[in-house]
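Mind looking over this structure? Questions follow.
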Amino acid sequence: MDLKESYTNVRFRSLKIMECLEIEDYVPQAIDFVSPPKWNLGHTTWFFEEFILSQFKPGYKKFHPVYDYLFNSYYNEKGDRVARTNRGALSRPTVKEVIAYRKAIDSVMQEFISEDIPNECKQLIILGIHHEQQHQELFFTDLKYTWSLNPLYPGYSEIAFVEDIEVQKIDWINVDEGIYTIGHQGEGFCFDNELGSHKVFLQDFSIRDNLVTNAEFIEFILDYGYKNYIFWHEEGWAWINQNQMEMPMYWIVQDNEYFQYTLAGLKKINPNHILTHISYYEAYAFAEWKNCKLPTEFEWEVASDRLSWGDRWEWTSSSYLPYPGFTKNMAAGEYNGKFMVNQQVLRGSSVVTPAGHSRKTYRNFFHPQIGYQFNGIRLVKK
Amino acid sequence: MDLKESYTNVRFRSLKIMECLEIEDYVPQAIDFVSPPKWNLGHTTWFFEEFILSQFKPGYKKFHPVYDYLFNSYYNEKGDRVARTNRGALSRPTVKEVIAYRKAIDSVMQEFISEDIPNECKQLIILGIHHEQQHQELFFTDLKYTWSLNPLYPGYSEIAFVEDIEVQKIDWINVDEGIYTIGHQGEGFCFDNELGSHKVFLQDFSIRDNLVTNAEFIEFILDYGYKNYIFWHEEGWAWINQNQMEMPMYWIVQDNEYFQYTLAGLKKINPNHILTHISYYEAYAFAEWKNCKLPTEFEWEVASDRLSWGDRWEWTSSSYLPYPGFTKNMAAGEYNGKFMVNQQVLRGSSVVTPAGHSRKTYRNFFHPQIGYQFNGIRLVKK
Amino acid sequence: MDLKESYTNVRFRSLKIMECLEIEDYVPQAIDFVSPPKWNLGHTTWFFEEFILSQFKPGYKKFHPVYDYLFNSYYNEKGDRVARTNRGALSRPTVKEVIAYRKAIDSVMQEFISEDIPNECKQLIILGIHHEQQHQELFFTDLKYTWSLNPLYPGYSEIAFVEDIEVQKIDWINVDEGIYTIGHQGEGFCFDNELGSHKVFLQDFSIRDNLVTNAEFIEFILDYGYKNYIFWHEEGWAWINQNQMEMPMYWIVQDNEYFQYTLAGLKKINPNHILTHISYYEAYAFAEWKNCKLPTEFEWEVASDRLSWGDRWEWTSSSYLPYPGFTKNMAAGEYNGKFMVNQQVLRGSSVVTPAGHSRKTYRNFFHPQIGYQFNGIRLVKK
Amino acid sequence: MDLKESYTNVRFRSLKIMECLEIEDYVPQAIDFVSPPKWNLGHTTWFFEEFILSQFKPGYKKFHPVYDYLFNSYYNEKGDRVARTNRGALSRPTVKEVIAYRKAIDSVMQEFISEDIPNECKQLIILGIHHEQQHQELFFTDLKYTWSLNPLYPGYSEIAFVEDIEVQKIDWINVDEGIYTIGHQGEGFCFDNELGSHKVFLQDFSIRDNLVTNAEFIEFILDYGYKNYIFWHEEGWAWINQNQMEMPMYWIVQDNEYFQYTLAGLKKINPNHILTHISYYEAYAFAEWKNCKLPTEFEWEVASDRLSWGDRWEWTSSSYLPYPGFTKNMAAGEYNGKFMVNQQVLRGSSVVTPAGHSRKTYRNFFHPQIGYQFNGIRLVKK
């Protein structure tokens, strides 16, 4: 598929997945770390306007003088921006206006993309496409977060995807001690944090083929897992106590039964399904209770060819750190490096990851208390 | 005008004043103390459903099981409610659905209102009408607050009202020492906090006929009024320093000139216009600087027949306290009494107060840091 | 008693009442609004050095270049000061050094005080004496607060005073409607906030001769007074819920009985004793529950000659506001005026008020949530 | 040296290093993460009482019923404890009483320690000795923090130690690629987090023999290092801006020169001395600016035999994570494992580390914003 086609497809899909929303749904920002769908649409467009058209198209004039300020996310180099916590306060531009902005940029971009553009520019367009895919995934997780707070428990219907994944049978896979190569190799796209292919020495380990199920986690709850400090990090223990957590986010108890909010509305927990929306603190505590541990990101990557994965982002025990030889991407230099502190790596992908956006070297990362992604737990034997 | 007609008029106006909004404008809650227009429409409707239909119409069935929870503001007696800070997170019900809710309740109410309903119920309907008028005023002040944060500075056009009021000439009015009667008397509607008509003794005083102008306040700013603790309450001083305030909210400096955000967009300050959007802390500091003081609410009420008022809510030096003999309204008992601590009384009314909603005994009240109402300053000689 | 003698007596007493402390007790600041005893001793000394010696004694040289910074409380005019919340972090100067500072200043002051000093200076010395008496009272309330947090429940023994006051019999006193004169008159000392003697008109009222007892308040607790929003201000209700209050501060339940921390250690509650350490929010809620109200400060002052008072500071329903004609004391201009917002007036005095420091026109003031003073409740019939 | 002698020596030293303090210095807790010297003395004593005497000495009776509550630090298993932020509020027990507590426990311990005690108990005593050494180091860093806030800048004199270390000449050391063994091996004491000796594969690297000097860091400052986001982690950038940091903590500018607070008082910065009191955020930013990086903890350990170290704890780029095979110490199980999230590893030791308390496998750890330890920067070439 050529670049123009990739561009067009990704841009089309962002609108497509939001098609079933009401206008009102595009506006709220329920908490600082989620974004309004409207902002999402504007920001992914701004990325192309700012990094491609403004830099590479001679004489390009900005679509709107204030959109820079409105739709920059965290790029310090690109100047001031609306505070991340204030995005939900902005009713204007309207959805219609944002879509007009998208269409205008798309139309310039489609004309602009050609064989003749410099390679650096091509790489940035590809980065922009993957960036937009990340925001498509965030759209679903953000929407789920926002709607979960609404006592009407709205349902999403446009694109059929299934949150529910059944585990058939639990298996363990053994990997031998040895020197392994980690990191992206070869031609395809990857983010800067996957580069710096390098060797690591691993001891032999035994990793579970299947993610943890709701049934297993309910056992943890019923065994007072949330009440026993012995399983928890000090900060995890403080966090669950401060937030009075007794079960995963999105779970509620009604009539003595566990329910969870899903994008198809409130549903009874199916014990055989994969557990999801779990923080690192909970994943760690569960593993401790089970007398297991979480895989390192290296163990995960080495074993990945033999694992079933793709249903859930999986917490690893690895902190998010640069690979040897890591240098910041010069063109969009703030992309990954500056987040490499206080976060944990997740590997795999989830039911809301766009097709073509996952690979075994992909390094996702979140703070340890974040469970609003479709996160799950994979175990390694101690 | 009979009760049914009053009801219909007020209900119609709430929709009318929001008619020019975009759907997106109905959703955001920019700060805890403002409400989304959508919530405003739902809440004023809920008031009639909860206090009239549920209590007085035999066999009445609630329109929706969750709306109670969504649209209760602060009535503890009426059960749980969505946290005041979370109203902007709710995209559903949609504007359309809220309007359908309004229409359904209106249709039942219009059938229900008749000569035969008990007097207590009539009084509550009248209270509901005035309650809705309060929310019409809040709609404008809330909208102004939210839009002021938007770098696009949207403008409001539907109903022509003018924020700008020119002062022609400054006059002082003298009032003699004596015993005066304070509080509502006679037949018309008033809130419970105006009842308890009682005598007060006032010393003679001299009160200004005109509110303070922008020109006068600019003089205060240029004389380092915001930099000199001597004029300020200790808490006011802490507040302006913490918030780095150097001029009234909604004012900005561009190219060395003062501008202010108005509901007609960003406009250059006109020195001859009345100053507005001023906190009590600033009003007090200004009065100190001017070697004057603010009127007590009693001085204001006694002088009111001889004053020009109605353009701006006016800060008084009186704290919001019960009149002698104050007892809580039994039917809607949480209406006023429970706010009688830590707030200051404002008298008068403003350009966004609905016609027929003001009277000289009206006691408005806000916390001392609140300037987002159309507040102004009237002086009394020391 | 002449001025020098008054000065000497007051200064002596400050050291006397702290004599029984351990060195360690002089250091901690358990919460922002209490002060370490060591700071208390330094600050009252600084008052004389700064307002008297530096201003009136020609050629006076400061005792120590940094003490200004360390011992200024809130006087903006007197320059920068150590943050109010950091006083407990300072182990130096030591107690010994602070006492040396006191002695040095006392020795200069004693020489300096004479008939010849200007009247303005005399007035400031008298103010300083009363200021130090205020800090003597604060010493006891601060110490009680700090020690109440210590599971060892230390006891204070030096000066015998009795917190426990028994109520014999409940009486009501009637006061007639009329015009009364309020505020300080005559020769003796008063603070600036008592000046501006003026007339008020009062309706007739009936006021209780005795303060509320522990038994009465236990009845309120057992009647679910802390669980029923109907009695509370909105802000009081939020406050008790946030702090999970179910009884007055300093009370605890042990073996199903109420105990309270006193300066004589932990003691069983005596039902016939006067209730103390009550916030305004609780005082108001209790009065509501009792179908009574709190007196205004004017009612209190008018009735005071016929009341038993002096055992406890008594919350009034009056906010702390300037009297007509109030102007700031020029010499120590920040003394009272800048606190006249968001606080409630208390009248009377308490068991820890120094002899000679109380009078019927005295206006004490605290924020409504403050209960760490020896506060009590007096009722007026509704 | 036998166990009893080691015990006696360590216990003696804790008192010895505090000998020069004034009583007042034992009390304050200037911020949540530092402890009062008095608490330090009590807590290290409680460790022996709780983990040794209460568990291994038949019939042992606690010294005081409340000391458990007062002197437990973070051991959930050992029950409730005084909030970590409240330690500075407790004036009692006095220093004298705490020393009496120490002496009482020491006397029982000295009698109790013998050849006959079980090995598990011996191991715990050794742990207690190392635990006390850690607190001896913390004593110095805590005291420096507290005193740095005091405008009197107190000086410490008892034990001569020199904060100032001069760098003579900058050298780089090359280490070859290969498989290396990491972690503690052999007989001597180590903490549980050093166990689990295991192999790692390292690429070749070049590491600096000398720590970064003040001169180098001043160059960074003068090159606008604190003003350029490009060098910083996102969270580091937010942190320095929020705290308005423009130089290391303990540095101030006076008369256009850099000074720093040291335990010998305020001193002019010597450019040739080793930089200290640097957060991880600053260390990282400095390395970025220098186009270098920080060593991983594995690189550090492998190179350590060829490096000059021991003057400063050195930030590594490694997050604090368990080694393969890590299991919690059962007897004092909360010692290390529960802190293994959101912290960075430091290697080496500092001028305030007790003799005999350092080794090349030692893993110290702190949150990335913490600079109050004697931290320094070592560089690795990119």
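Just a few scattered comments:
By letter and in written order, the chains are A, B, C and D; residue numbering begins at 1 in each of them.
Operating definition for what follows: contacts are C-beta pairs under 8 Å (C-beta built on N, C-alpha and C of every residue); 3 or more make two chains touch, one makes a residue touch a chain.
Since this is a predicted model, take the numbers as computed values, not measurements.
Chains compared, chain B against chain C: the Cα-based superposition rotates one onto the other by 180 degrees, nearest 5.
One of B-C, C-D or A-B repeats the interface of A-D: more than half of the contact pairs, counted by residue number, are shared by B-C.
Note: centroid distance chain B to chain C, computed from Cα atoms, is 36 Å. Here the spacing of chain C and chain D, counted between their Cα centres, is 44 Å.
Centre-to-centre, using mean CA coordinates, chain A is 57 Å away from chain C.
Among all residues of chain C, none touch two or more other chains. Chain contact topology: the protein chains form a single closed ring, every chain touching exactly two others. The touching residues of chain B, counted against chain C in their complex, run 74, 76-77, 179, 198-201, 203, 229-230, 232-237, 280-281, 284, 293, 317-319, 321-322, 324-325, 327, 333, 338-342, 344, 368, 382. Within the complex formed with chain C, the chain D residues making contact are 22-30, 38, 66, 69-70, 82, 86, 88-95, 146-147, 149-152, 154.
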